[in-house]
Amino acid sequence: MTLETFSGTFGLWMGAALTLCIFSFLYKDNPFYRFAEHLFVGVSAGYWLVYNYWNIVKPNLIDPLREEQWQYLLPLVLGIFMLTRLFPNVGWLSRWAIAFMIGSGSGIMIITYLQSNFLEQIKSTLVPLDPTGQPWYVVVNNVILLVGVVSGLVYFFFSKAHTGVTGRIARIGVVFLMVSFGASFGYTVMARISLLIGRLYFLLHKCVGVI
Amino acid sequence: MSFAGARLLHISLCVLAGSLVLCGQALCQSAPPDTPPSPATDLVVKDTPDDDGGSVTLSWSLSADDKGGAKDVLSYEIRRSKSPDGPFTTIKKVLKGTSSTTDEKKVENNVDYYYQVVTKDASSETPSAVAGPVRAHVQWFNLGRLNTLLITILYTALLLYFISRAKKGEKLFVRRIAGLDALDEAVGCAPEMGKPALYVPGISTISDVATIASVNILSGVARTVADYDTRLIVPNFDPIVMTVAQEVVREGYMAAGKPEAYREEDVFYVTSSQFPFVAAVDGIMVRERPATNLFIGMFFAESLILAETGASTGAIQIAGTDAIAQLPFFIAACDYTLIGEELYAASAYLSRAPLLLGSLKGQDWMKMFLIGCIFIGLVTLNVGFAGFKSLFDLPLTIFR
Amino acid sequence: MGSVPVEARRSLVDRLKDIDRRVIFVFIAVAVIIPLVWPIGLSLKASPPARALFNEVESLPRGSIVLMAFDYDPATEIELGPMSLAFLKQCFRKGLKVVGLALWPQGAQLARTSFSEAAEGYDVRYGVDYVNLGFKAGGIVVIDSLGKNIRASFPVDVDGRPLSELPLMKSIRNFADIDFVMSLSAGDPGLPFWIMIAQGRYGRKVGGGCTAVSAPMLYPYFPNQLVGLLGGMKGAAEYELLVGEKGPATRGMDAQSIAHAAIVIFILIGNIFFFISRRRQKLMGART
Amino acid sequence: MRRQVPLVICFVAGVLMLAQSFVPPLNWFYTNALAWARIISCIAVFIGLISLVRLHATKVRRRAADWKFSIITLLALLYMMLAGLLTRYGVFVKLHGQCVPGSMGDKIVTGFQNAFNFQDIFLNIQIPVQATMFSLLAFYIASAAFRAFRARTFEATLLLVAATIVMLGRVPVGHYIWGVPQATAWILDVPNTAAKRGIMIGIGLGMTSTALKIMLGIERTYLGIKD
């Protein structure tokens, strides 16, 4: 056995053993799961730290600063402010960095969501209802779509009690919501089963070799 | 044979001979027989609209030999010069079938440029007519987003109007939101059972507004928990969210008059990787057995792993998210779920702060406005006028 | 009838109504494992893009050169791996020569596994009937360089052997010597780049396989720029059907069907017992 | 200073972000702010690291429940950091804009000397465990469906029926049942689209209103400062 295949085989078995450790959680919590969980947390925390350093901090902060692009001092300073959290008496400085991130995040969200969740959605709801020149079922579907969107919006009215007409429309909205949630649930099952097939195939094929 | 016929024969023979010679040459050079491709036509150059300069947009009609599939033309080369007579330098190459592109290669603002598009095949090329002059300009307003700006102004104005009315002390009605009504009860049952409460503020960053909505709810939850003298466990995915959560929870305990009960080690960082985070939170749920699990914020595929594990421990679970894809799973596995906008309404609902309630009213008015727009749009569209619909285009092109 | 048996039966119904979730887990595991080990081959119809790909490869003359790109990683192996197996088996059976390479770093290793698995049972030899050139970083740039000279990007194969030592590679210089390009693509870099360069610039015939998620985005390329496309595990199963090799994807699709059916049955059972217990409760309520 | 400056920063950053989408010459703020936020997040990982180490170190020191497992977390963390940051191989190499761990130039590092290197640990621990955690969803989606899909109420019945039809419509076995594929397509295209759109618009309004309140300083719970 060459060293390379040894390392490959060893890795394979390690992967298989850890897979079983995680699956054992389905029965109940146990030391094997705890082992895999704690290992996993440690490895991933270390991995992301290293990944962040090589992929973001070095190319996007250290290298530009070396090339004397001084605008990068700002994130450096804000980053250091963030670290003041570790020292109680100057910890309030971290709020400056947080405020920057929250402020810029909010600003961009307003534009993005007014465009994608508002303008775009109104536009796609404006559908032709004229029965001439298109099959009847298209028109029926368009009417259903319209009813669904409007009643869904009425469901989200907060300043009006869900009674009377509002209540009835909101209930139609709930009908649409439920059908949609059911459909999304059913739609996702396939993707999730695929994941399990992938894992079991790995175990049965690569490790046990029965298929 | 008529004269015309003889002439035709003569031409054909010449062409035949010519192509034989060409073929011969081609064979010697082991290249396929070739004629230069026909040029691209109708080249139009203009300043790229709605940008901060430094860019020119070109469009043209494809060469007659560019018909898609394995035809003669391989690519188009964009060439640029500061004078109509050249010299032209190559800026970029685009693949066949492309009929527009932008030039952003060191374009100076307010300088005249001339362009030509060169159609290329395997061995020869044909330049188009020169187009220009064109100048790149800085635009101070992005006309394509005029509709977004108007909506932003309208919405801001509506919100501010209702907030100011609320400030003046006007009473504002808010309907019941079951998930939020259940919140106090759910958090309250943890101490009765002598167990902690678990709060997961999602797995997104602090720049995500959903996370902030979650932090707002956390603030209220922390106060309730402090009142009952219970532990509140808050595992975090993002370090910055963790620092904010720590501040908010500490503040909650202080507001409840029990700053000494706050334990910083209960608001901690796990890891910024989705599944290790879930593995750890699952571990907490089965080991610490919290009586209440709250999953509020932005979630991805892990939502169901969390909610099902929580359900298996018998905890009361309330979820809230604006991740549409995850809503079905929370609804299936949790006792209550805040759906989309309800998550954002929570802050106002729980605090009953008039300023926040005012904004809820503004949101509702915006919905009315929207329903109005839909009806006007439908009527205009179905009488054959599409202009209203195009007001919602992105980018808006109606004013160009 | 006395009241005691009713009580006893009610508790049984209640117990079935709230089956331990671990029972469900066992059934799901079984529903997936059994078809994986003993495939049923539930009827499946090959979609036009899969059939077109199959026919195109079938029509290639013996000895044609197929370039196969393994542009995926272990995360998507369950979808794309079976495609590579079915496709390679078809190539080996038809006597086509296959040149494998990878634009994704882990693709090289996955290619190695696929080649050795597919080669079993066929009289094919490494270096003569197929080669694995390994991984090269650069995405679209690498594809472009294949148009001029393969050796510029891949001077050696995956194990570091110079191409000159591999008989198959002696006759292959660039795209001009390649008859068909197949890309199994999990994202970027992947199929769109092959279409753009190999098909668009060099006029090669390109076929592909992709994940179920990216299939809707790639279908529009068929049939003009792509001779055929396999989408997700379903596409892989269709191809196995066409090639006549019941492989992992067929097993997978069977497992999908059975597992879905199992979940539906559980939902039905849950509801049946829910209704029985509700009726009993109503009866009990009426009695007291 | 402590209260006002953050609110001012938040407001200015928000307004600049809004303005840049309408005023092209301000576009630079968008690109830079995103990069800066990413850098700040990365530096902040250090705080997370301290929190993680402190949590587990405390458990070990106090011999709290599962303290032995905490040692595993700490060792794994330490090992990954050393392997990733200090290895002479530079274990990370930049490849077409994306760093691929474990490769030296174009050649993947394999072999015994690297059996426990950064890349292999990632491949043999992180990837299988991650995939297995993810695959637990196949079990959970079944148990959730069993528990939740009961025809208790009219709404619950709708949820149940829609889910069952779509579930069957997605797999070959469903194509044996008349009408299921068509019904699946219709449910997904019509009522599902309508409901999603309603939710999306609601989210759009709720999120933008919250974002505006944050910018204007009306919503400031996140600062942990109460008025």
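Chains here go by letter, A, B, C and D, matching the order in which they are written, and residues are numbered from 1 within each.
Criterion: a residue touches a chain if its C-beta (ideal position, glycine included) is under 8 Å from a C-beta of that chain, and two chains touch if they have at least 3 such contacts.
What you see is a predicted model; the values in this text were computed from it and never measured.
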Between the pairs B-D and C-D, the one where more C-beta pairs touch: B-D
From chain D, the most remote chain by mean C-alpha position: C
Distance from chain D to chain B - Cα centre to Cα centre, in angstrom: 16
Between chain D and chain C, distance of the C-alpha-averaged centres to the nearest whole Å: 26
Rounded Å distance, chain B centre to chain C centre (Cα mean): 30
Euclidean distance of C-alpha centroids - chain A vs chain D, Å: 5
Multi-chain contact sites of chain D, meaning residues that touch two or more partners: 18, 21, 37, 40-41, 44-49, 52, 66, 123, 127, 129-131, 133-134, 136-139, 141, 143, 145, 147, 149, 159-160, 163-164, 167-168, 170-171, 196, 199-203, 205, 207-208, 210-212, 214, 222-223
For chain B, residues contacting two or more additional chains: 148, 152, 155, 205-207, 209, 212, 240, 243-244, 270-273, 275-276, 279, 287, 308, 324, 327, 329, 331-332, 339-342, 345, 360, 363, 367, 370
Multi-chain contact sites of chain A, meaning residues that touch two or more partners: 22, 25-26, 34, 36-37, 40-41, 43-45, 47-48, 82, 85, 98, 101-102, 104-106, 109-111, 114, 118, 122, 125, 146, 149-150, 153, 156, 177, 181-182, 184-185, 188-190, 193, 196, 198
Overall pattern in which the protein chains touch one another (line/ring/star/complete/other): complete
For the chain A and chain D complex, residues of the former touching the latter: 3-4, 6-7, 10-12, 14-16, 18-19, 22-23, 25-26, 34-57, 59-61, 71-72, 74-76, 78-80, 82-83, 85-86, 92, 95-111, 113-114, 116-118, 121-122, 124-125, 141, 144-153, 155-156, 173-190, 192-193, 195-196, 198-199, 202
Touching residues (chain side chain D, partner chain B) in the complex: 18, 21-27, 37, 40-41, 44-49, 51-52, 54-55, 58, 65-66, 129-130, 133-134, 136-137, 140-141, 143-145, 147-149, 159, 196, 199-203, 205-214, 218-219, 221-226
Residues of chain B touching chain C in the complex: 68-70, 74-75, 95-97, 308, 312
Touching residues on chain C, where the partner in the complex is chain B: 21, 196, 200-201, 203, 224
Chain A-facing residues of chain B, complex: 147-148, 151-152, 155, 172-175, 177, 205-209, 212, 240, 243-244, 270-273, 275-276, 279-280, 282-283, 286-287, 324-325, 327-329, 331-332, 339-342, 345, 349, 360-361, 363-364, 367, 370-371, 373-374, 377-378, 381-382, 388-389, 392-394
